[in-house]
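For reference, the structures are reproduced in the following blocks.
Consider the two complexes below, in which chain A is the common component and chain B and chain C are the respective partners.
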Partner chain A sequence: MTEVLITIEEASTPEKNIKIVHIGGQLDESNIDEKIKEIYALLEANPQNLNLIFDLENLEYMNSKSIGYLTDIYGKITEGGGEMVIAKARQNIADILQVVGLTQLIQSVESTEAAKTALSS
Partner chain B sequence: MENAENKDQEVKITITLPTNAYFISGIRDFTLNMVKSSTNFEEKWAYRFQSVIDELCNNAIEYGSAPGSDIRITFQYKKDDYLKISVEDTGTGKNKLNAAGLQKLFNERKTPGYAFTGIRGRGLVKIVGEWSDEIKFEDRPEGGLKISITKFMKDARKSEESLKNSAPQVQQKPATITI
Partner chain C sequence: MIQNPLILLGISLIFAGIPAFIWLYILFNKKLKSKLVIILVFGLGCLTAPFLLGIQVLWEKFPQFDLSHFIEASFSMQSAKYIMLFVLFGAMEEIIKMYVVYFVDKKTLLIRTIGDAIKYSLAAALGFSFAENVYYLYQFWPQINLGELTGMYLFRSVFTACAHMIFSGIFGYYYGIGKFSIDITTQQKLAGESYKTTNFISKIFNISLSHAYQQEMVIKGLFIAIAIHAFYNFLLQFNIVFPIIILVAIGYMYLQYLLSRKAGHLILATDISSKRRSSIAKKDEDVVIELMGLWFKEKKYVDVLHICERLLERDPDNNVVKLFKAQALDRMNEKDTYKKILETVIKSKESLSEDEKVVISRYTEQKEAIKKSSQTLSQIKNPSPQPQTQSMQDKEREDDKSSFDLHLQ
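Presenting the complex of A and B:
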């Protein structure tokens, strides 16, 4: 199984329930189905008004299935009245997100601070 | 890598690996390093080809070759001209499609405005399709599918026929690696 590390950081403000999901390593066919459960568990625990920032600074690779999951998570979050922003994606990750059209759906910014600002606006 | 340094020479590398997603990260690393060190494609294309090969291999593993079988990957390139990648499966997978069926699926999903609703299905059209100039689906005589893509460094959408006419004969014995 390819190595990937997902950690979840609490970043809520008095107004918003915000979590930062830090993903490092490579998301591919060998690990995505197992690792994505950590994020779906977070969604189950926060079905309403969850705001997620995906910090992809240390993500080296993601495949199309990972992008499919991100799209599904985005749908679930927005259905629950929350928002989702991608932060600090490397050039190759930003490139693949763009080619599949995900950047038309989900805002991508250069820092977690900018992501928090995007969630507040 | 004397031959790889000759920009007019076509280099061919074939890799055979078991039907297991575990091995694909090594193929991605190989692709990245090979494109960076042996071709004059811009660096962003090394990462793009990494994604293309990953999607083609995952497709072959999921739909084409049963566990215990194998898939064959072939890289052909000229340093300043093109990179062609072929992935062949054995047709033993339980969800196998023939070339016509896969071409039909590809064409449907390539239609502007097609809505991808599931987790899967974006890779072949949105990644492999977008990042190649030519894509070809073929049934293998011995069973299974061969999917080939070609990306030209300069003349995008150059016809395959012109590639055949312009490419010199491979002079050296092609490299073959079996995992």
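Presenting the complex of A and C:
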């Protein structure tokens, strides 16, 4: 099983419910179904107005299934009135997201601070 | 009555040449680049009919090698005998025409698309038909009356020539599929196609999947061509024109359908030394292509097209992506407005329907919104951005234009 680490950091402001999801390692067939449950649990706990920042600084690889999950999570968050931003994606991850077209739906920024600013605006 | 054999041969050549020239003009007039090759293939096709005649002459001299005698001796039922003879002669003609295409492909490497394979097969078939017509005119001119001769001439010029082209054209399509088996099998595997027969052939003969697929396609194409040819020969014996017309018409429509498919026009044979490098890492590109395959299986053809466009900007010579794009376009509903927009050259706003105008304006609004939001973000990062120069504006316009470029040649 490939190593992947997902941690969730609280970053809420008085106005907005913000969580930062730090993903490090490699998301592939061996771990994606198991690990993604943690994020879906977060969505269940915060069904409305949840704003997520995905910190992908340490994410080395993501497979096609994880892209599908990302799209689904985006859909659920926007349905609940929230927003989603991707921060610090490595070049190869950014390439994948750009080609797949996710960057046209989900903002991609270079730092978590910029992500927080984007969510605040 | 023409007595001189040389004059008779000359007249047969002229009369047989008229329909051959007309067919060549109808099929290949617009293809300026490859006319010389087409003439070469046509010439080789002309040699196939005398070659087969030569085999039949040899069979008369050496009856122990005569396959038609073998069939007549093997089958007692008259109908079975005739069917097997039709299959035998159909097979002989299709195999010899196949070798013309194979020879041209190996010697000239000019078959770069599936459409090319079909095209050269048609030229070989026309050559064969021309040579056959010369023979028939030369043989029957002194023997039958003018009315019968005219009927035979017109029938052979139109229907038999067409029939030969259909048999060979269908073979050419499968030959083309087999030739580009590596890219095609990769794309089709990602699109969810299963390969039970190919896997079986691969295991039995201990060859790669793509090689097994190539052999399977050549045999399949040959088998279909022989089957239709044998059926055509079977119909001919009844001397009723109508079923032959139906068979030729169906075959012609099927060939037109194969020729119209976008995948047939893709240039799949590329010189490796001139192949442009991909600007996305292979591992990451594989992830995107895998996702493309998943969406293709789910029939999300518009999404597949979008990904193909973006990926081809990064890796323009990726044949698997080009195949996905062509297949997505082929499979999209004909009434799909997006497909109509991609396929139609829009001459003016007045030529657009209301639906098309709505789709275009929505697309333009979305693009503007995305551009504005990225400009706002860059202003946050860099409060005093550089003004856009004319060349930057021109490049943006070029990028927008190329987003509908189908990468087809």
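Everything that follows uses one rule, which is that the second predicted complex is superposed on the first by the 121 of 121 C-alpha atoms of A that agree within 3 Å, B and C clash if a C-alpha of one lies under 4 Å from a C-alpha of the other, contacts with A are read in each partner's own complex, and residues count from 1 in each chain.
By definition in this document, contacts are C-beta pairs under 8 Å (C-beta built on N, C-alpha and C of every residue); 3 or more make two chains touch, one makes a residue touch a chain.
Keep in mind that this is a model prediction, so the values were computed, not measured.
Considered on the superposed chain A, chain B and chain C are sterically incompatible, since they clash.
Using the contact criterion defined above for the overlaid structures, shared-chain residue A:30 touches chain B, although it does not reach chain C.
Contact with chain C, but none with chain B, is seen for A:118 once the two complexes are overlaid on the shared chain. When the two complexes are overlaid on their common chain A, residue A:2 makes contact with chain B while staying clear of chain C.
In the superposition on chain A, A:63 makes contact with both chain B and chain C.
By the touch criterion stated above, A:17 is placed in contact with neither chain B nor chain C. Contacts of A:109 after superposition: chain C is touched, whereas chain B is not reached.
Of the two partner chains placed by the overlay, only chain B lies in contact with A:72; chain C stays clear of it. Legend: residue contacts after superposition of the two complexes on their common chain; A:46 is shown touching neither chain B nor chain C. Judged by the document's definition of touching, chain A residues 61, 63-64, 67-68, 92, 95-96, 99-101 lie at the interface with chain B and also at the interface with chain C. The touching residues of chain B, counted against chain A in their complex, run 21-22, 24-25, 28, 44, 47-48, 50-51, 54-55, 58, 61, 116, 118-123, 126-127, 130-131.
Across the complex, chain A meets chain C through its residues 61-64, 67-68, 92-93, 95-96, 98-101, 104, 107, 109-110, 114, 117-118. Looking at the complex, you find that chain C touches chain A at residues 280-281, 283-284, 287-288, 290-291, 294, 303, 306-307, 310-311, 314, 370, 373, 377, 380-381. On chain A, the positions that touch chain B within their shared complex are 1-2, 26, 28-30, 61, 63-65, 67-69, 71-72, 91-92, 95-96, 99-101.
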